[in-house]
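Heads up, the thing below is written out as structure tokens.
In order of appearance the chains are A, B, C and D, and numbering begins at 1 in each one.
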Amino acid sequence: MESILLGLGLEEATAQILGAILKALIVLLFFVTVGGVLTWVERRLSGFMQSRLGPNRVGPQGFLQWIADGVKLVFKEDLVPDGADRVLFRLAPYFCLIGVFCTLVVLPWGSGIIIADLNVGLFYFISITSLVVIGVLMAGWSSNNKWSLLGGMRAAAQIVSYEIPVGLGLLVPILISGTLSMQGIMASQGWLPWDWMLFKSPFTVLSFFIFFVGSLAEANRIPFDLPEAESELVSGYCTEYTGFRYAVFFLSEWANLFVVGALTTVVYLGGGNLPGMISGLWVVSLLVFFLKTGLVVFLIIWIRWTLPRFRIDQLMKLSWKYLLPAAFLAFFGQALWMLLTWKLPLVQLAMAVLIFLTFLVLLYLFIKRVSVNIKEQKTSVNSPLPAEAGK
Amino acid sequence: MKTLHNSFESDGFVLTSIDHLINLARANSLWYLLFSTACCGIELMQTGGPRADLERFGSAPRAVPRQADLMLVAGTITLKMASRVKVLYDQMAEPRYVISMGSCANSGGLFQASYSVLHGVDRVIPVDVYLPGCPPRPEALLSALIELQNKVKKEKYLRKK
Amino acid sequence: MNTIGIYELLKEKTNVVASFQEVEGPTPSIYVRSDFLLEAMRFLKEDEELKFEILMNQTAFHETEDSKLFWHLYFDAPKDQDESHSHEELRLFWHLYSYTHYHRVVIESSIPIGNPVIDSVTSIWKGADWLERETYDLLGIQFEGHPDLRRIMMPEDWEGYPLRKDYVNPTAYQSIDNTPSEITRSFQPKGK
Amino acid sequence: MSAALKTDYLTINMGPQHPSTHGVIRFIIKTDGEIIHECDPDIGYLHRGIEKLAESVSWQGFVPFTDRVDYVCAMNANLSYSMAVEKLMGLEIPQRAEYIRVIVSELNRISSHAIAIGAANMDMGAFTPFVHLLREREHINDLLEMICGARLTYNYICIGGVNYDLPPGFKEKTLEFLDHFEVVVEQINRLISYNQIFIKRFANVAVVPPEMAMQYNLVGPNLRGSGVKFDVRVAEPYSIYPELDFDVPVGEGYEGTLGDCYDRYLVRVKEIRESIKIIRQCLQRIPGGEHKAVVKNVIKPPKGHIYFRTETPRGDTGYFIYSDGKTSPNRLKIRTGSFTAMSIIPEIAKGVFIADLVAIIGSLDVVAPELDR
């Protein structure tokens, strides 16, 4: 980027600054697009799951629905409720936005495609997402609305509680790869499923589970969507937000969905790793990365439209009583496992393949069970009467 | 001279087309407030359900008036409720629209002889589309929504000052 | 047990002033004078043979002169009370049911409209709470001993008791104009 | 720092417009953080004065109003009122009409319970079961539309029978629907009723012991959820119910204490199966003949009063009618299931979470217009 600008005859300092701004703009554009498209994907998918159609009027298959929503929200009136803390109320959405937006910097889109490969990438990731809590808390507090306040408090309690098991759970992949750099973690895995972090040992499976559950909670998705539980807290912390500021919340929430999917992909599902012979093709690598991320996102949406939500005490209990000890177990277990099999890579491989095969069997059983539902559904209803059919 | 004067006063090509685009976006994203009081509320739910599916038109339900563009007054409004309806309407952000769904919201309907029923929701808030029926069928509600979309598309959003 | 049996038991075991109302309609009832109500109700609930655990319904209505039905049957009513509310009165009904014996009874009573006060039965059945609040709200009957007698259906600042026969619909409430439109008025019967 | 920290309860206003209050009900709750200390329901936001209107319309003219008293199960409301007036008049109605009445009211019971179950799920955050049940409800609406041309407010059952005879093909379509729906009930159970999170949210919440249920006169599924085996269809049989074979499901503490939210919820699910059973029997036995007794245009029931109750989906609906022999009732009072269910909320919603209050409302199946009338 800078070199192109330098080529245009600009001074180096100017080029640096301009380059940074341009990069940020590109990422922002991507951020908006991803957030928007995901809202459309979620609405269509939820429609599909509920035997509806979902938005299909704007553009092909309603694909441009998110643009319509965005334009509409931008042109809505910007209200600041009476009695609200004006400064905090206006600032809060941007904290949420920055918290999610900055994580895109360290995401490796494929092998070698990364904006800034920090050597503390994962650490940076965990810490920058904490900004979201501040934003949510600020929004809840400043709105001068009791539902918002409750939502904000719930969010703060929930996200802070779940950050601990998630952080501890992520220690397992760090232990295996020996680095905090995202590119490094990705590089320590292979393209084959049993080379993925997920299947490496029983403890990585446990760690994946902890991470996934915790991420759902941090992203405020059902079954952990208590901060904005629609049937309880009306709309939670963003109850009083209108127009553009609400759009920012909306966008960062769905972009967060993508970020969670991407992080899961990078850390546990092998990222954009390719077989050795085509490892140079960055486009394919990007595609693989997006495919895997898409699958994870689909899984999250599927969960969202299937499960009911927890109660606040059950949520806390899950985090502190079950996930936290499990995270410690995973960490120490993995350390022990690595010590025991330090010199025996074949045992490690055998274990990985075994876990992968178990996963396949479980998947088969699950599909079989689900397909029973689909078969039963085919009982006819409202078929035309014999007399009507003859006409 | 007069025609020249008029041409300056008219809206101009750029504004018109931007307006057209904005209106297209707004018309296709009328989020409605989940506000059902009586019988029509069930039909509203059915309209949001699989067979009619309001979401096809980009109308998602919202629980909060702040984020809603469209208020579907579904059902009887009593005098006790009337001031609350006004508050709900005031909480919505501009531009906002109201569909008065069913006879009760239009005029008090079956209950207009009663001591506690408001004679039409238009006594407290302005109404854009009146939808008759007791209760209206989902198809009727969809047609009312399309009618409102047509109204939104014809508005002069940027040009109104 | 049928109503006449319950009535006889009530007469036999307590000194409640009551009368049995045999009418042409499908439901007979027991008329209890209003000052003996609590005693009679407590007996009906606690007696082993009766055991009316349930207050199914409690209601009242405003009886004007032309709708009076059974006045001549109230032989137990004192003479002076008779004169004070000879024109209009509020008649109350309690419908009791027993899950032990699967029988039901209708208790009725009446109070003058000038002084609509009667004992509350909330101490016997908790379910009477809201039923009595509703009766108070719509007919203006004061229940003595009710823990929380407020309006329930109508707003707190509502005037009048809507279910009384002489009630006139308001044309405005809290600065909201509610005068009937031309069309609405054309539906209303003449004279109203 | 010697002075103790002064804390106060947080008063929150829930409703009248709130996604989980199923219409317009308002709760004034005092909470200590998330835990409810005191809950005061404020109703009457949909009080339409139906009881007063009854005093100025004719006896038949009141039937459409009963539709609007409980729009989720309008047929049952029609049935209650019509039977009360018939009892008052001493009117005999044809056997075929009785069968048709039972069929349509049981169909409507299914659709009402579908809404109740779906709404309970939606309050717990699971939208999909609710939408699936709305889809199934459309089929019932189709069937009832075949009969009377209306989807929601039917005005079908009238004094003296039913307004129209069954259309041709109704039996086949109904049987087809029942075959389909039995499967759906199982699917919904697998999807949500046996879901562990859902059970955790509902079980052991807001326990109503049988004694308390009787004190507050809970009725219908809410009473049976507390383990009291009482059904008006069995205890005070009316219409053709004594000839039919069906069970009365009661709560047994399926996943916790007897009388908790989950019991009330599951009783509704089981009642759907019983209704399916009843409809099948009725369709098999339905006799021919007239569908309506001869009733004059202007009826004047004799002087007297009656309190008649039938089993509707939200408990027994009692119609108290006081007739003074004129062309309209002198006093008509409707005692509904939602009203008593609502009056128990201040008692059981103490020391529970805000989220539990939503569960309580969902499990009690409160419908605003039935509550306020």
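Heads up, the rule we're going with is that a residue touches a chain if its C-beta (ideal position, glycine included) is under 8 Å from a C-beta of that chain, and two chains touch if they have at least 3 such contacts.
Fair warning: this is a prediction, and the values are worked out from it, not measured in the lab.
Q: Quick check on the contact graph: shortest path length from chain A to chain C, in steps?
A: Step count on the best path from chain A to chain C: 2.
Q: Sort out for me whether B-C or C-D is joined by the greater number of C-beta contact pairs.
A: Most contacts of the two pairs: C-D.
Q: Name the chain whose C-alpha centroid is most distant from the C-alpha centroid of chain B.
A: That would be chain C.
Q: Hey, how far is the Cα centre of chain C from the one of chain D, in Å?
A: Roughly 26 Å separates the two chain centres.
Q: Where the CA atoms of chain B average out and where those of chain C average out, how many Å apart are those spots?
A: Once rounded, the distance between the two centres reads 45 Å.
Q: Based only on mean CA positions, could you tell me how far chain B sits from chain D in angstrom?
A: That gives a centre separation of 31 Å.
Q: Indicate the whole-number Å distance between the mean C-alpha point of chain A and the mean C-alpha point of chain B.
A: Inter-chain centre distance comes to 35 Å.
Q: Give the residues of chain A touching no fewer than two other chains, as numbers and ranges.
A: 50-52, 230, 234, in rising order.
Q: Going by the contact rule already set, what residues in chain B reach two or more other chains?
A: In chain B, residues 49-50, 63, 80, 113-116 touch at least two other chains, as defined above.
Q: Would you please write down the residue numbers of chain C that are in contact with two or more other chains?
A: 153-155, 162, 167
Q: Could you list each pair of chains that touch, in label order?
A: A-B, A-D, B-C, B-D, C-D
Q: Can you list the chain B residues touching chain A in their complex?
A: Listed in rising order, the residues are 21-22, 24-26, 28-29, 49-50, 53, 55-58, 60, 62-64, 66-67, 69, 93-95, 157.
Q: Could you please specify the touching residues of chain B with respect to chain C in the complex?
A: Contacts found on chain B: 79-80, 82-83, 107-108, 112-116, 118-120, 123-124.
Q: So in the complex, the part of chain D that touches chain A is made up of which residues?
A: That would be residues 10, 12-13, 18-20, 34, 121-128, 131-132, 135, 139, 142, 168-169, 172-173, 176-177, 179-180, 183, 186-187, 190-192, 195, 197-198, 200-201, 353-356, 358 of chain D.
Q: Hey, which residues of chain A end up touching chain B in the complex?
A: My answer: residues 43, 47, 50-58, 62, 65, 67-72, 75-79, 230, 234-235, 238-243, 246.
Q: Mind listing the chain B positions that touch chain D in their complex?
A: By the definition above, chain B touches chain D via 33-39, 41-43, 45-46, 48-51, 63, 65, 75-76, 78, 80-81, 84, 88, 110-111, 113-117, 134-135, 137.
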